[in-house]
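Look at the two complexes coming up: chain A is in both, with chain B in one and chain C in the other.
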Partner chain A sequence: MFNGSTKKRVIKPAFIALWLIVAILLVAAPTFVNPALRSFLFFLLMWIALSQSFNLFTGLTGYVNFGFVVFYGIGGYGMTLSLLRLNLPIYLALIVGGLVSAAFAIAVSLPALRLRGAYFAIAMLSLAQAVFVIFDNWNFVNSATGYTIPVQYYNPTQQYYAMLAIAAATTISVFLVLNSKIGLALRAIKQNEEAAVSLGINSTLYKSVTLAISAFFAGLAGGAAIWGITIIDPPSAFDTTVTLTVISMTMLGGFGTLLGPVIGACILYSVEYYLGLTYPYLHLIIFGAIIIATVLALPQGIMGVIGSLMRKEAKQIEMKVKQ
Partner chain B sequence: MVSGMLLAELVILGLMYGLLYGVLALGLNIVWGVMRVVNIAHGDFVMVGSYTSYWAYVLAGVNPILSLLLTIPFGFALGAATYFGLIKRVQGSEELMSLFMTFGLSTLIGGMLLFLYSPTQRAIPVFLGNFRYSDLSIPVNILIASIYAIIIAVALRLFLRRTFWGKAIRAVIEDKVSAMLVGVNPSMVSFLTFGIGIAIACSVGSIVMLLQSVSPTSGPDFTLISFVIVVLGGLGNPAGALVGGIVLGVVESVSSLAVNAAVTPAIGFIILFIVLIARPQGIMGSK
Partner chain C sequence: MSIMDVISIRKVFSGLIALDNVSFQLNKNEVLGLIGPNGAGKTTLFNIIAGFMKPTSGKVVFEGKEITGKPSNRICRLGIARTFQIPRPFGEMTVLENIRVAREFSHHDRKGADSIETETILEMTGLSDRIGVEAKKLTVSEKKRLEVARALATTPKVLLLDEIAAGLTPKEGEWAVNLMKQLPERFGISVIWVEHVMRLLMKGVQRVIVLDHGVKIAEGKPEEVVNDERVQQAYLGKKVEG
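Moving on, here comes the complex of A and B:
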């Protein structure tokens, strides 16, 4: 994947041009799309942001975060409470939501990241469930009733741009982490944690920091989502469906890759959007089937397939050049 | 102050629920112990059992206790099919892959139940009265559930101690390589274990219909309860599962005196979180 090939050098400028076109279209979108399509794009960007932040931690460390939705929900609640109780301006409230989520991630990671493999996955799953039950019965957060965001904050265009910025920032962060010393350390941890630790990598620190970054972006996306949805209550804020959707998207696209979660989110959210209208639960069956099929047939996801195809072609070109 | 009688009643109820919890976790525990596969879909198989009993009751008027005759073989067949179709292919690869596989399976089963039967709560209205002893009053439904749990636990113990395949399963839990060296076929053992595990899950699903209503989304709750118990009792330790189940049942039941009943589920998860961190080998387990 990392051997610079002839093919790759040809593709790069075309790739950048494609990215630019996508970026321009996304920025200009609110001026020419109808409200239905804008709402579609808003949620698509939310799933991209969520899948990327999930990918940032689980894709890079190999630790399965089955309680991912907790960071989304806490970000949503952090945003709502700082907006309604502290009367903060909306953008500041969004950032507070992200920070609360990151702080929660650090607090959780101190005990939870001492666990490995299935134990970590189960601990996070039970954590998300416990937080849901607590919020559902906690008067401080209006227990099961939740909150409604007042109508004066409703601004679809601003909401769209906020979500676009969050999705872009999350993707860029994944890019930066992948190409940094942290990314290198995380890859070492994923492959063999004992060996990485013996080489002097502070694995707990790297994992905690990565979980906090992941939670920060999940919290931001959660806050922006609640801003758009305008209603927050425990069953929707801590809905396990969010975790499983994000897992299927990342899985289909390819774990630990930059573009995988984006591709996965585009495909699966479109499927959910069109099927959800006529067959409300069919997309869950499809998501389950896709997770299973991906594990069996292409564990590296779509990006893994593309990667191996490109390597094959690169090899053929190299052979031709040699001849 | 709390009357001694009420406390006694809560402890007995907790004990009875705990036995059923324990048997539910037994299914998860042997699968985990033998195959090193964490079955995230365990609770969803419970729901398959519940819905099978529900429809047997609605369509043919079959009592949920009788429908055990249906759910146990059905569960075994379903488990065997799942093992050969899916689990076998990820067994032995990264743990991550089996986690995702069973998570996908859980989504698939949950989604199918939602798609076919809608999210409505379903219940079988079977109430068999109360069993009274001086001031104690125990619903007969719970009594039956706990008797069922004891029967399954004893049967499983006899199977694991007295039969060849039972001993083979225990041998694989202890040391897979040595078991293979003395001629145990690990694929056969895995198939049996998964079949038994899912049969237990489905049969608990039938019994659950005596006690409460269910919906397609109840599955993950049962998975989590089983995890709490497996972790409490120690991995690969069948007796530990029962002890863990009883501990959880009694704690949940007695804590209803102190906290709002709605918060009770959180207690289990908080216990799990603490035990995972303080004593990952479980209460009964030894390092």
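Moving on, here comes the complex of A and C:
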């Protein structure tokens, strides 16, 4: 990927053109699609945003965040409370949701990021459960009842564009991080943390910052999702299934790649949506089968395989040029 | 002139004394050999100097300032670099990217430190024609040299080398001796070199300290140290009397 090659120069304009078409279609969509398809796209964009923000931390650092849903839920609650209690305008409320989630991530990262591997994963899983139990019993957040977003805020077109913007911003952030100094530090940390630290990298700082960025976007997506769903309560806001779905999507597409989470979300959410209509719960079996197949056949995910094929080809071309 | 002082370092692991009251000085532009049988505490000492472990007591003073217990990334940026006995390359990165990581993150705290050219580092470590190769595909010998190359890329003032010649062929080993000549002379780097291959070590160092069971048992010129009775006992066991 980092070797320039003749092939890459041909592919790049085609790639950009494809992106432009997708972008135009997505922006124009609300003018020509029916409400059912618009709702499908809204949730597809939500899963893209969530998978991508999960990827931003876990894909780049290798620390599996099994409590990811907590950032979605806290973002959702942050948005709802700032809307209903503080009477903030909806877009400001969304941003507050993201910021609360990011602040929570920084607080959590101080103890949690001292742990590695399975210990970190279990700690985050327990954290999400603990937060669920607290919210379920906490009067300040209306405990188990939760909230309903009043009907005057309901605006499907605006909700769609908000989610589109969040998904795009998350993907662009992954691109920027991958190609920045932070990205280099994270790759080093993922591949050998001791060595990274011995070469001057402040791994705690980079991991915390990345977790905060990941949580910010997860919180934004959570807020926008609740805006669309109009109901929030602890079991749905802190549902472990969200984490598992996001892990599956990212894994299928390829951890640590730019487009992997997008592709994974498109495939798995389409499966869920179309099978869920006719055979409720059948999609979970298909999900399971896809994940097992992915782990066995494509441990690096779809983009991982495409990436290594492209690198191989680039190398062959390079060899030919040399000869 | 001293660049680093290790003062009365003691390290206890749940009752086991790994280092006991170890003190020594590293002079500027010196290559100091650190030897001792397995389990003598050599790597523990490196871990303490490089900030990977905190000593139970004692201190490390670098350029007149105490650095004991500072985080290892800070210590690297202050100018102390280390290699790992078992190489820890960034396997998915190329040789050049490995070196780039070291370059990017190690310079914040030092203005005007003259950096060694990447090309020079590659040449000195014999990795010039391997720059595009993924580090996981390197041979053991090359991985060891990549450890050294990465450490050099941080522009250190003190370099801690942990068994860079172990498992190498005699010819490859000569490379290490050659390196010890160049580092102080060309780049003003002081070195502490841990090595089991005594034949090489003796050619590369000006002074040796010997650890045994966490205690410093000898210090001096290489030829003096090898003839020291306590050192011979530590390595070979006690002579049976009568």
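Simple rule for what comes next: the second predicted complex is superposed on the first by the 313 of 323 C-alpha atoms of A that agree within 3 Å, B and C clash if a C-alpha of one lies under 4 Å from a C-alpha of the other, contacts with A are read in each partner's own complex, and residues count from 1 in each chain.
Here, a residue touches a chain if its C-beta (ideal position, glycine included) is under 8 Å from a C-beta of that chain, and two chains touch if they have at least 3 such contacts.
Computed from a prediction, not measured in an experiment: that's the story for all the values here.
When the two complexes are overlaid on their common chain A, residue A:291 makes contact with chain B while staying clear of chain C. Once the two complexes are laid over each other on the shared chain, residue contacts for A:136 go to chain B alone; chain C is not touched.
Contact with neither chain B nor chain C is seen for A:172 once the two complexes are overlaid on the shared chain. Within the superposed three-chain model, A:121 lies in touch with chain B and out of touch with chain C [touch as defined at top]. In the superposition on chain A, A:309 makes contact with neither chain B nor chain C. With both structures placed on the common chain, the touch criterion links A:247 to chain B but leaves chain C unconnected. Of the two partner chains, neither chain B nor chain C is touched by A:23.
For chain A, the partner that touches more of its residues is B, with chain B and chain C as the two candidates.
Of the residues of chain A, not a single one touches chain B in one of the two structures and chain C in the other. Of all residues in chain A, only 2-3, 181, 184-185, 187-188, 191-192, 194-203 touch chain C in the complex they form. For chain A in complex with chain B, the residues that touch the partner chain are 62, 64, 66, 111-112, 114-115, 117-119, 121-123, 125-127, 129-130, 133-134, 136-137, 240, 244, 247-248, 251, 279-292, 294-296, 299. By the touch criterion stated above, chain C contacts chain A in their complex at residues 50, 52, 71-73, 76-77, 81-82, 84, 88-94, 97, 100-102, 104-108, 132, 150-151, 153-154.
If you check the complex, the residues on chain B that touch chain A are 38, 40, 86, 89-90, 95-97, 99-101, 103-112, 114-115, 220-221, 224, 227-228, 231, 260, 262-263, 265-266, 268-270, 272-273, 276-277, 280.
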